[in-house]
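What follows is a set of structures for review.
In what comes next, chain A is part of two complexes: it sits with chain B in the first one and with chain C in the second one.
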Partner chain A sequence: MSVAPDLISGFIAFILTLLVFSYLLGDNPFFRAAIYLFVGVSAGYIAAVAWYQVLWPELISPLLFGSPGERILLTIPLVLGLLLLTKIIPPLSKIGTPAVAFLVGVGAAIAVGGAVLGTIFPQTGATINAFDLQAAAAQDVSPAEQIFGASILLVGTISTLVYFQFGARRFSGETIRRSRLVEGIALVGRIFIAITFGVLFAGVYAAALTALIERLTFLWTYLGSF
Partner chain B sequence: MAVIRCPVCGKPNPDDLELCQHCDSSLKPTTAELDGVSEMIRPGEAPTKKVTAELEQTLPAWLRGARKSDQTEDKEETPSDALSPPPQKSVSIEEPAAEEDLPNWLDGLEAEAESDEEEVPDWLANLQTETPVSAEETAEPEDEPDEGRPAVDEPITATSEPVAPRTGELIATPEGELPGWLADLQAESGEAAETPGEDLPDLIVESEQQAAELPADSEPAAAETAGTEKGLPDWLAKLSAEEGPGAPPAEEPSRPAPASTPGEELPDWLSAETPAAAPPQEHEPEPAAAQPAQEELPDWISRLPADETPAGAKTEQPAEAEAAPDWLSGQGESEAAQPSAPVESAAESASPADNAAPDWLSRMSDVSPEMPAQDAPEQPAAASDDGVPDWLSSLPAVEQNIEQQPAKESTPALILDEETISEDDMDAIFSMEMPDWLSTLSPEEKEATAGEGETPAPEESPASLESAELPSWVQAMRPVESVVPESPGNEDIEHVIAREGPLAGLNGILPVGPGIGPFNKAQAHSIKLQVSESQQSSAALLEKMLSTESEPRPLSTPPQVLPARVLRWVIALLMFLAVGASTFAGTRMTPLASLYPPEVGAVKDVINSLPDNAPVLLVFDYEPGFAGELEAAAAPVVDHLMLRGERLTILSTSPTGAALAERFLRNTQADHGYQSGQQYVNLGYLPGGSSGVLSFAMLPPAATHETIDGLPAWDTPPLQGVSSLADFAALVVLTDSMESGRTWIEQTSGYLDDTPLLMVVSAQAEPVIHPYYESGQVDGMVSGLSGGAAYEQINGRPGLGRQYWDAYSIGLFMAEILIAVGGVLNLVAAWRARQTQQTDED
Partner chain C sequence: MRRLFAPAIAIAIGLVVLLGYFLPDYTTIAELRIQIVHWAVILAGVAVLVGVFNLFFVHIEKIRKKQKGSVYSLLLIAALFATFILGLALGPDHSIMRSLFDAVILPVETSLMAILAVTLVYASMRLTRRRSDLMAIIFIITALIILLGTAPLPLFEIPMVGDIIHAWIVNVPAAAGARGILLGVALGTLMTGLRILFGADRPYGGK
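Up next, the complex of A and B:
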């Protein structure tokens, strides 16, 4: 009996995989059917997860069976959630604005704080510490290698930032362009940016290739199960 | 001792008496009670209405003398004094603002303005009916004494000098439209000089007709006129009766014989006025006549300030030329045509008279037709119902000043060009409630004429009239229309003239609009855009940039070797064949790399450093589409953890993360025998994104309460002893998204303490997450299939990495070949295109 569900799920997965591969022939109804099915199933699954893993255990159940303190505290998210639901009703959409404002404000504050404390400051310090030869010696890295690597990092960072500097001057002949120094640095930054995009593309390709291999393995495994 | 006549009984009295010795009436004008009112009427002030009926009896004798100036007892009275122009003050009195304010003697004028015969007062109606009477009849009232004549019916002239028409230029007034005072004046000048009847208005024609009927001696004619009781009001009849005997005989011969025109009659007013005008023309010069004339001045005139003396006769000029109204001067001109010597002298004086004509009078012919009669009621009320205006009542007694000052200024005369003024114009002129000469005079003109008063105007322009010099109180009472320009907005603020209210007629007093303040002419702004050259060049540059942006760039379509669809099929076929063949064959041709990235080795070191059975948090934050890659990458890491017996806690910020975690454990780690709730616990979905991550990092038990199975999460064995994020032995994040991985790094960096953070990421997220490893924020990282394969090699436990490695390697090699081939093909295509272009250019 346990084989049957795996067989059915495997068959569905096999069919859906072929439908997705049909996109090689272009946009077709089979591909669209697979996409719509994926979206629908995902939405249903997410709704189920939201109810069973969020609303019920975190809100409804405490309101019904929790202590009075919990109930009082949970009225705030309950009210905000109800106000947020009014966004789906245009005449009442303004009522949900406070809830949205709360979400946006808290989210923005957290994101900014995390970016400043978790990315900017540490990354700036790391760029500076790249020239720390003592640390490099501690890691058994030659100073030349460390300086070379740090220099590449510094040049790449500065040149990339200079590339996005669009200030220009008016030169003779009514041509407006950046100075030659800035143009030269920006050209280097442009190279670094191109390399970065190439790396990203390689990563995407590698991820997609891995997914293709996994799907082909699944197909072959499924077909081999018979 | 001078003798004054009682204003009531008309009998002579010594001038030192206050009361008449005959009737005990006050010999002094009642204005004496207003002597204390030293304030003159300022320009723009509207005189207060007062009932001045009682003043009728006390009106000055000069008014009576105006009609009998040539009959006064004083023989020395000169004609120039008698010819002192009355119109200024007389008309100024006649400025009513409303019909109800009109004095009785103006009623007839107002009535005529509205062409309503019924409103003509009886006395005036009777007078009009008597207009065609003979000259003898019309001359009669002139000789009558002033006794019993209502003062209000007498014209109150600007000067005390009675006016006598001098020349043939008469005011062409329509019949019956003359006010009483004017009729009286005209009556005094009954012996008007003859004028060609065809050129004169009817009124003048009639007056000439009457004058023709007059005998050389006008006294009988005047007596006869007075005898026409039907045509005169009672007061006029009485006045005629009293003045007739008292008329000085010396003046009678001085009156020129009326040169009558056949078929023409002189109106009664002209018949009555002409005799008074004749003597001055013939005899005395003005200086000699000034003193006698001032004896006739009323007290209020005598007390007028010198600067406001409106019509003092100019001593340096002939009296008749300066003092006589121009219309009288014109009459004198007509008389000059007569062969008699006096007429010749009058003709000589006619020219100065014309020169003295004010401009307002010259424009009268043009303005009058345009001024409707109904505009007249807009003028401020200047006279009471009784005909005596308030200003007259309030005038201080300045008679002495008048007497002390020689007559210097000529009184403007009403001169009309007979050739240019038609009868309609005359109608329009006299249809107004106030005299036109007053209506058309502006302060500027007054000032101009003041300077020109002594200089005769050029005679070649008969239409040009000499402006008069009016006292301020007269100027203030001028009609607004004559002062206010047509377009005040075009003038300066100093010339803005109030149109209504108590300040009507004054300029520079009120702002243009209430609350607006003085207005100026709107500053002219050029509609042309004012831009500099640099701005123009910048605008042109911007326009050029925008135009280049809006223009679609032609896409450089390199020559295609194969159609896109076919090329896509070919590439897909090659990839399927390369990857599929290796997958289906299950080959292990490609060896794993002997060297592994340091970040992968760091992960191994970290896991190896973990204590046994330590709680480890696994975060499954990847989507199902990347499950194959993440499972291959994370399987050796999780396997390593399970090999070490770590207690695993699974959490996901993706709704599908919990299910993928279960799938991962089931498909890849089934051989470890981990049971949910025992060796591992799945906390499920952590909502809130960054907020949820931060909340969990701050206080994990508060962020999640139950497991995916509904069990109390923090009571499960895997979470024993864990109350914070730092209590976990390690945090391993499995994510395919750079944002998700960065969120976990950023939000948990402050709460991990010494807890290592390991990342298992997709190959596409590795370039972004790798700097965090370089900075030390991430202790180890496994990225993609290559990282998983490397970790498997480190562990010595091959798994999915090794299974996929051949296909993966072939796929990468195929991609490299395709990229290289594509690059070469593009270079060849570009080279060929360039060669073709050069060939075409050559």
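Up next, the complex of A and C:
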């Protein structure tokens, strides 16, 4: 029973892979058709997942079958959700603004909390802890080697941050520019950024190469199955 | 008064959630934060539906006005409608939905990633032709060292590249740059979030 659906899905996957690969010859109608089909199926799939994973179990089902306390609490997201749905209809879209404001407020607070507790504190702590010589000794790393690495880490982190500092002032008779000191530190920061992007590029390229090999193997295996 | 309603909601809700983060010992605030975040998750689910319906109506409009490329829009609408109805009727875990995922979403995503292998080589060649400054050279050399250090070579291993140079670049200068970028992004996020919580920025449409 499961052979027929597998055969059909394998055939569709084979055709779609070829259509997407046709982009290597330039943008063409076959590639566009594959992409529009992909967007349509993905959007429909995501909507179904949102219904089954979030809206039904967290809102609709408790409203229909939950306790009176649950129902009262869930009237707030129900009303906000209905307000949000008015965003689909342009003449009524202003009614949905409070629901968007609710989402933005929660999102901003989570972003602030995440930035402080999830990035700024841990990353600053890790930069300081790189100078921990006791931890280095436990890993059989010499103090000189540890201090050298930690110093480069510190210089790299600060100079990269300085590179993104775009505050500048107008010098008499000259164009607006940053001070010489900031320009010098920013240049060092650019070198670290170039190295970081080089490493990221290599990582993305290795992943893309793996995907290419997987797809070519799929095409070869599918053709070999006949 | 009506103009202040939306900013008041955003600021009040945001401050309660933020207090819940930083005062976890105050049970009432922490519980309120969990409740508000739970409501936000439900609203995010509704927002997904709003986004999908908006995509649907945008392409319906393109078809109605017979704009260029409306044939593709028809394909998108048919695929979206069929998948959504099937998904609602069967559920996303049904075998037919999984087959649909394996037949369309997975191969197209992987193929797009695969053609990236070719386009990235083309882009890096263009970079070296157009901008052969110090930064481009550092970028290309770093990428080559990392690739040579990661990939197993068929006949020989380049001494020191795989075990020492590759590891040092990843753990020291690249980590430093990434840390600086991460801290910069976090500081930017902090400023943007605080501007919203103070009501200076109102991306929800309030004046």
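Operating definition for what follows: the second predicted complex is superposed on the first by the 206 of 226 C-alpha atoms of A that agree within 3 Å, B and C clash if a C-alpha of one lies under 4 Å from a C-alpha of the other, contacts with A are read in each partner's own complex, and residues count from 1 in each chain.
FYI, a residue touches a chain if its C-beta (ideal position, glycine included) is under 8 Å from a C-beta of that chain, and two chains touch if they have at least 3 such contacts.
In this text, all values refer to a predicted model and were calculated from it rather than measured experimentally.
Q: Check whether A:125 is in contact with chain B, with chain C, with both or with neither, and answer first, second, both or neither.
A: After superposing on A, A:125 lies in contact with chain B but is clear of chain C.
Q: Examine A:136 and indicate which partner it touches, taking first as chain B and second as chain C; both and neither are also allowed.
A: After superposition on chain A, A:136 lies in contact with neither partner.
Q: Examine A:87 and indicate which partner it touches, taking first as chain B and second as chain C; both and neither are also allowed.
A: In the superposed model, A:87 contacts chain C only, not chain B.
Q: Between chain B and chain C, whom does A:26 touch in the aligned arrangement: first, second, both, or neither?
A: First partner only, chain B.
Q: Return first, second, both or neither, reflecting whether A:220 touches chain B, chain C, both chains, or no partner chain.
A: first
Q: For A:203, using the defined touch cut-off, is the partner it touches chain B, chain C, both, or neither? Pick first, second, both or neither.
A: both
Q: If you tally the residues of chain A touched by each partner, is the higher count for chain B or for chain C?
A: C
Q: In the overlay, answer first, second, both or neither for which of chain B and chain C A:176 touches.
A: After superposing on A, A:176 lies in contact with chain B but is clear of chain C.
Q: In the overlaid three-chain picture, which partner chain does A:57 touch, first (chain B) or second (chain C), both, or neither?
A: The answer is first: A:57 touches chain B but not chain C.
Q: Taking the superposition as given, does A:186 touch the first partner, chain B, the second, chain C, both, or neither?
A: Once the two structures are laid over each other on A, A:186 reaches no partner at all.
Q: Residues on chain A in contact with chain B in one complex and with chain C in the other?
A: Touching chain B and chain C on chain A: residues 24, 42, 45-46, 49-50, 53-54, 58, 106-107, 110-111, 114-115, 117-119, 123, 126, 196, 199, 202-207, 209, 211-212, 214-216.
Q: What residues of chain B sit close enough to touch chain A in their complex?
A: 537, 541, 565, 568-569, 572, 575-576, 579-580, 583-584, 625-629, 631-632, 655-656, 658-659, 684-685, 687, 689-691, 694, 705-706, 708, 710, 736, 742-743, 745-747, 749-750, 762-767, 771-772, 774-777, 783-786, 803-804, 807-808, 811-812, 815
Q: Mind pulling up the chain A residues that touch chain C in the complex?
A: 2, 5-6, 8-10, 12-14, 16-17, 20-21, 23-24, 32-55, 58-59, 73, 76-77, 80-81, 84-85, 87-88, 94, 97-120, 123-124, 126-127, 149, 152-161, 163-164, 189-199, 201-209, 211-212, 214-216, 218
Q: Could you please specify the touching residues of chain A with respect to chain B in the complex?
A: Per the touch definition, chain A meets chain B at residues 24, 26, 42, 45-46, 49-50, 53-54, 57-58, 106-107, 110-111, 114-115, 117-119, 122-123, 125-126, 174, 176, 196, 199-200, 202-207, 209-217, 220.
Q: Which of the residues in chain C end up touching chain A in this complex?
A: Answer in residue numbers: 5-7, 9-18, 21-22, 35-57, 69, 72-73, 75-84, 86-88, 91-92, 95-97, 99-118, 120-121, 124, 134-136, 138-144, 146-147, 150-151, 169-187, 189-190, 192-194, 196-197, 203-206.
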